[in-house]
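The letters A, B, C, D, E and F name the chains in turn, as written, and every chain counts its residues from 1.
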Amino acid sequence: MKKVITFGEILLRLSTEKHLRFSQATNFNANYGGGEFNVAVSLANFGHKAEFVSRLPQNDIGQSALQEIRKQNVDSQNMLFGGDRLGIYFLETGAGSRGSKVVYDRAQSAIAEIETGMIDWKTVFQDADWFHWSGVTPAISANAAAVCLEAVKVAHEMGLTISADLNYRSKLWKYGKEPKEIMPALLHFSHVILGDLDTAFFMTGKEKVHPDYQDTESLPALYDTLFKEFPNLKIMATTLRYSINASHQKIGGILYDHKNIYTSPIREANPVVDRVGSGDAFMGALIHGLLQEDNNLQRTIDFSVAACCLKHSIAGDFNLATLEEIQQLASGDSSGIVSR
Amino acid sequence: MKKVITFGEILLRLSTEKHLRFSQATNFNANYGGGEFNVAVSLANFGHKAEFVSRLPQNDIGQSALQEIRKQNVDSQNMLFGGDRLGIYFLETGAGSRGSKVVYDRAQSAIAEIETGMIDWKTVFQDADWFHWSGVTPAISANAAAVCLEAVKVAHEMGLTISADLNYRSKLWKYGKEPKEIMPALLHFSHVILGDLDTAFFMTGKEKVHPDYQDTESLPALYDTLFKEFPNLKIMATTLRYSINASHQKIGGILYDHKNIYTSPIREANPVVDRVGSGDAFMGALIHGLLQEDNNLQRTIDFSVAACCLKHSIAGDFNLATLEEIQQLASGDSSGIVSR
Amino acid sequence: MKKVITFGEILLRLSTEKHLRFSQATNFNANYGGGEFNVAVSLANFGHKAEFVSRLPQNDIGQSALQEIRKQNVDSQNMLFGGDRLGIYFLETGAGSRGSKVVYDRAQSAIAEIETGMIDWKTVFQDADWFHWSGVTPAISANAAAVCLEAVKVAHEMGLTISADLNYRSKLWKYGKEPKEIMPALLHFSHVILGDLDTAFFMTGKEKVHPDYQDTESLPALYDTLFKEFPNLKIMATTLRYSINASHQKIGGILYDHKNIYTSPIREANPVVDRVGSGDAFMGALIHGLLQEDNNLQRTIDFSVAACCLKHSIAGDFNLATLEEIQQLASGDSSGIVSR
Amino acid sequence: MKKVITFGEILLRLSTEKHLRFSQATNFNANYGGGEFNVAVSLANFGHKAEFVSRLPQNDIGQSALQEIRKQNVDSQNMLFGGDRLGIYFLETGAGSRGSKVVYDRAQSAIAEIETGMIDWKTVFQDADWFHWSGVTPAISANAAAVCLEAVKVAHEMGLTISADLNYRSKLWKYGKEPKEIMPALLHFSHVILGDLDTAFFMTGKEKVHPDYQDTESLPALYDTLFKEFPNLKIMATTLRYSINASHQKIGGILYDHKNIYTSPIREANPVVDRVGSGDAFMGALIHGLLQEDNNLQRTIDFSVAACCLKHSIAGDFNLATLEEIQQLASGDSSGIVSR
Amino acid sequence: MKKVITFGEILLRLSTEKHLRFSQATNFNANYGGGEFNVAVSLANFGHKAEFVSRLPQNDIGQSALQEIRKQNVDSQNMLFGGDRLGIYFLETGAGSRGSKVVYDRAQSAIAEIETGMIDWKTVFQDADWFHWSGVTPAISANAAAVCLEAVKVAHEMGLTISADLNYRSKLWKYGKEPKEIMPALLHFSHVILGDLDTAFFMTGKEKVHPDYQDTESLPALYDTLFKEFPNLKIMATTLRYSINASHQKIGGILYDHKNIYTSPIREANPVVDRVGSGDAFMGALIHGLLQEDNNLQRTIDFSVAACCLKHSIAGDFNLATLEEIQQLASGDSSGIVSR
Amino acid sequence: MKKVITFGEILLRLSTEKHLRFSQATNFNANYGGGEFNVAVSLANFGHKAEFVSRLPQNDIGQSALQEIRKQNVDSQNMLFGGDRLGIYFLETGAGSRGSKVVYDRAQSAIAEIETGMIDWKTVFQDADWFHWSGVTPAISANAAAVCLEAVKVAHEMGLTISADLNYRSKLWKYGKEPKEIMPALLHFSHVILGDLDTAFFMTGKEKVHPDYQDTESLPALYDTLFKEFPNLKIMATTLRYSINASHQKIGGILYDHKNIYTSPIREANPVVDRVGSGDAFMGALIHGLLQEDNNLQRTIDFSVAACCLKHSIAGDFNLATLEEIQQLASGDSSGIVSR
């Protein structure tokens, strides 16, 4: 059993029901989620020790988020308490050719106002094997970016494997810095990166490329640009998403280890119950695959794609599919027959 | 900003949830809608001044309808109050090969018992640019038909553009007149008609034809039959609906201006959240297109089809898609990606 | 009007809403259903006299089940009352490639503890034309199996037509007997059997076969193995299910009368609202077809497949589609247009 | 086991939830009920054979009403089918000093358009012991009043006991007749009348009185005025209602048999879950009491008051309290302890 | 018909259902409300022209608030659009001895970041008779306080009647100023003040007093302290609240016009459906009373108390009781009988 | 921070909403609870280390119970997994004079089939200060009683304080033993007992007494009968419940320490949101009080009564009131004012 630490934000998610538009809603479903926490939930479900480090306001909303963390069997022993509010995101779930819509309301959240030195990373990383962060956290505020860098450095010193999900959200980078000013220093220490090449090039200040993910011959050269820049990088993975419409998605994946390209069969998610968190499902499954001793990278990318696909059938931010369900789909069985 | 007046009925819509059959329902969703009001909502959403003229009973159900009109930013300054009841329609939402089911309960509604002279159409049409009516109103009662004719005549005198949606509902024509006895006089003053050729021929007392909407060569001759009969007619449009099943529809459209046939690409609505009101969404978009100064008929038919298609993804009678969302689909992007 | 008796278990069905996983549910929809009762509901809907014989606990849950039986117009005049509890099954409704999940909680139910002699079958079968049972009942307990045999024998003596749905559920056969020790004696008296060949061979202790249901040439020989063993057998039917995923099913059917093979066109159920009870919908429609005087077996299999398909669009255990709706689909019209 | 026939209207009841005002409601709870049917439900619950005679439209709403009748174990073998619509009433449930609000929408209902001769009352009353009607039915339409008189006369000829609940609703008498023109002929044949003296005097065209129900000395003289006019009258009962506010009611009752006054202790209903149908609960309990062989009138009035009081704790139109629960409260135990 | 302008904040209100604690909630009811807007809704319901001036963010949440404003028939023609977010408050509705709980999340709201000069008050007050503000607005931010002062000054110049609800919320005054530094300048121009003496003294920097509201002899002297300080003050009113528990409140009121004390009978709110907004209901009713031509101050205070009391029976922030309902309670009838 | 272990059953609780009767319910709220677990939740909320020991089936229902345990911050490190089913109880929530109704469905639950030796109590009690059990556990089955005795003995050996809630449920003792055959051996080791004297005498085989809890003079002699029999007994407490009706309860309490009687003021719970678990709220608060260092028994009984009273305002089995809320009520403030 491995221990994985994730660091980031958990938000109150307020979503409309039954595909209602915001203006039609008279109530919101209330859930809690956020990229890095979602990864921790996946890992806890797969049987790992998962711990989530963040900062929660000391009010009833923060307390409810804490209860959700506990419910999902994710450790919260190093949680910070303070700040004024929990970040919120509003979600309107689309259908057919009408896409889902997210309204962010996460300014001045507790985690945005975190400060370096608040978290004792040495204690946090005691006995831990893996540290995961994502590009959302340094996007929130200069403070959050600084704490993220602090974490990555200590994790590196203490020998943890470090993974990053690039997770570029243009609406979040509003505190005066651009990704290319912040991300390279953070990625420098990362061994595993999830993201597409466009995003990776953009966030690290490179010129735009137009990768053809079907052309597996030409891909290594593009990926290698990043491997050259980031000396610790061992694995880079990319989620491929073909969006037929909001209710019908096709998911593929590519994994590259500086030697070989591994690609997964395309899986269909139809209908889509909830696609938020499907990238995090991919990330959690990727870490799980890489934590296996047999180091089977083909199985890892197949498992990651199946996890991502199954997440689309589950409401809320979390991938609550079981190991067995994911393995069944990874093995090619998408029949969805009744289990009884 | 143009001002459009629509006249007709607003009903209480009682629909079962979650595809339940009527006999399974222990509650009904309560909304308000009706063909001509739905058109007004579309136009208000597109930024026009829209006003709805009708008659509401002076009880709490009528009052609730009035609040919905206000909420949708539709003017109600010339609303009449009186009569005994608001018309009702019950809706059971189908799925797959089981179609939706409507039970009408609209006899003796306030609008059915309206009388000529009750509405001061000269005042209503002051400053207005466009008047829209549909074939549902003259179907309700002889009185409603008479008031509709009254309106059309005044609108004509005052120089408004007049549009009509044929909207044939066989279950409604029960007061002893057939469409062909009533509709021609009304259509005589209309500049824009929405409807398929079958319906138009039937409602104007012509022999049945079997138009092939793929055969754009032969269509003008059929449409011209109507252009000859109705001297004010400038534009006729037809919604094409290919019903794969209740949850999967394909939508196209044809527009003819006595010179050219304009056809739109087919758009898919899959899954269908709610198809009631999708024809009204087409109509509202058609008026919007024709109100544009550039008079681009190809863009108008493409926009109308996209509006109709997107409506299927929205619960309730109204098309709450934004101009931007419709234009995005009209331009061919149906990917439905998350907006965040 | 024919009178059909069905015997078996009715359960409290607790299902999660909106595709939620069990761990996400804060409430359960509460319905009542069970294979043999579902068949009775279909027959009552088709206009037959249907009676359900079972045993209900004398508490509020049993009483609620009784009210559902009455609501569905199924006779309960010979219902037994006693025992401790109503059986329960929990249902998590899947979507896409995630299948639905059933958790049974039906041990020690009232019907499992029924005893021979409790039911006066001679009285029950007075005026009845048909008796239906399924393989679920003998699977519950030795007692239930014994009462089932008792029923079948009396029905045989009194000249009723007897039908059986094999309905193999591996999780239920837990009281120490295998199907092959119990089922042959029961099937001996049956005139109509619904089931696939694999199951029929397994439950009657034969070696596994790999039938190719497309190969209608070779099928008679396989079916004949059963016709030889069961001298009363007149009709055997098989539901063909092609599971694209949990939300998309294709349904076909085969009927064999010891002479000819009748096959139905494949029908699509997409999306699936609820697939539980779709086999019972097939069974109920099959009995209805065989009760018709014209003995049209092609129409019977087409009708059964259409009924099964339409059931997928209806929530709960019952097929609440009307005769007209099923006939429309059986005739090839799956367009699902709005009825208004 | 006695057989009681009730005749009148069953309506679709659309009520707001959680004390919402009509203008706040986005859905309505859908139930079915109506004075005379509610009485039948009470009697079925108490173990009698209860049958309801009415007229239902042949649409899905009428069918759903029929299913509710069956569910409540009330016989519907003589139900008529026809007409255009089921009557509706909208209910907004008040709280505290804000009273509940009813909006009737029952014009042109199937029962309002019934005609004499449609029901074969001789067949209906075969084997029946009791016939119950209420003042709501003759208020609906001249036709309904005529059929009610028809029924009362046949019931009288066939020797049934006849009961009437005066049930005056001023908003309903709109077809041109006043109660005093219609009710005396109907009451002429009734043996049991439920109503207060004010209403009885008004509906029979007498001068207004101001009865003091605490003054049991003076009451007999007032009641005797009615006993003198109506020769078949044996029992008159009055429900006393002290309305503290919409959520707190006190209920008493008086029964007079032309000799003695029987009064019940006052019972408190606090909080009120739903007071609609509480008068019908009183009526149903009164009939049950009078059907007992011991003819204990004190027990009858106590039971009727307890039934009326308990109804206030039950949502919907029906009194679903059990005999035992009512007897417990009638005996003075209002502690409401948990039964487990 | 008088025209009243109110200025302040409208918030998204997220409340738990069925008395659930925050940690139990899986969804929130979503409404829109806020002190000054609630007053506008009351006035619109009473038949006045009411306009609400505020600032809304240009996102879907702000748009939904705007739709609610329209639905309530409140004018929004001078609404500003801009800023990042709509303020939120979370509400947990208590019961019995457990009080309700509010969690504010309104920092950095659109209105908090308003700036002087943004609103053209001269245009806003054109044709207006009355301007209403409350102590919540200057508590939000220095900017909001400055704009409030700007408004009050222009209103004064233009001769409007000005009213203020003191509405002290200790959790809101967080930008570095104390009420006594801000409020006196604002109150200087106000003609009508609603508040208790404690609050008024505190907010204007006076020493604490212990008023005995039963002692109507001594009250004038205390109120006169304020009349001396604020030369424009004509009427001061105080809501008296006796909190038996969270579900049972008693409401009284005092009005003083520098000459006489007017007191209202105490009214009971039991049970309390929702007490948020009950002070605003009092304020709205007070303005309505003072807008009447007969200047009957006793009727005004009685009406205000009845409005406040009835609000407790209505879910959400608004007093949706009608004039007639309030007058009925003000006249002493709290029986809450069913209106049908 | 003290560590408390509780042992017993956690059940799936299926309750009807909005005071519906079982026969009206179309869905059930799903919660998890049970006497001994409820006590653990209270203690966790009060800041203690609480651990719950039980046995859960390895299916999704057992897993959901486990998630609830985690959510409530109760340790489950020694949980056993096995058995067939989780016990269920159905709850119909009464109102006014209609009491709530519980239907137990807990036969053959995982905990009922536990066996001695399955739990390593020495490990469980490592570092623990207190062990709590209740009379429900030995009532379930002979096995559960045996394991309970096993636990009590080890706890005694290891020096833990042991508490017991007598919790007599007549419907549960069905395995052939009477309480008096089982309970004395268990109570022998207990230091704290919660229960009324009637129950204590009945369960320990003594003659019935009629204690007058107002007569604090005579009570010690009765309590002393138990202190004499059980040598380890230090504190006995009794909850006093005065049931006005199902929606209005009055709660008091008595505590006796073999020297003095401590009584609490009576607290009112009106209205009652949910009274299930209120006894467990008392028990949890009692343990909390006794764990305080100052040993203030008056404060302890006041706190316990306030906790019990507040629980009635909270839905579900758990007392989710905070320390501060309980202390506020214990100090006499029941005003329930809004916290904002």
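A few points about this structure:
The rule is simple: a contact is a pair of C-beta atoms (placed from the backbone, for glycine too) under 8 Å apart; a residue touches a chain by one contact, two chains touch by 3 or more.
As the structure is a computational prediction, the values presented were derived from the model and not from experiment.
The set of chains in contact with subunit A as well as subunit D comprises B, C, E, F. The chains in contact with subunit A as well as with subunit E are B, F.
In terms of their C-alpha centroids, the spacing between subunit B and subunit E amounts to 43 Å. The set of subunit F residues touching two or more other chains comprises 17, 21, 23, 26, 67, 101, 271. Contacts between chains form some other arrangement here, matching none of path, ring, star or all-to-all. Pairwise chain contacts in this structure: A-B, A-C, A-E, A-F, B-C, B-D, B-E, C-D, C-F, D-E, D-F, E-F. Contact residues on subunit B toward subunit E in their complex (touch as defined above): 67-68, 70-73.
Residues 17, 267-273, 309-310, 312-316, 320-321, 325, 329, 334-340 of subunit F are the ones touching subunit E in the complex. On the subunit F side of its complex with subunit C, the touching residues are 14, 17, 21-23, 25-31, 59-61, 63-64, 67, 84-85, 88, 90, 92, 101, 103, 105, 107-108.
Partner subunit F is touched in their complex by these residues of subunit E: 18-21, 23-24, 94-102, 104, 169, 171, 243-248, 271, 275-276.
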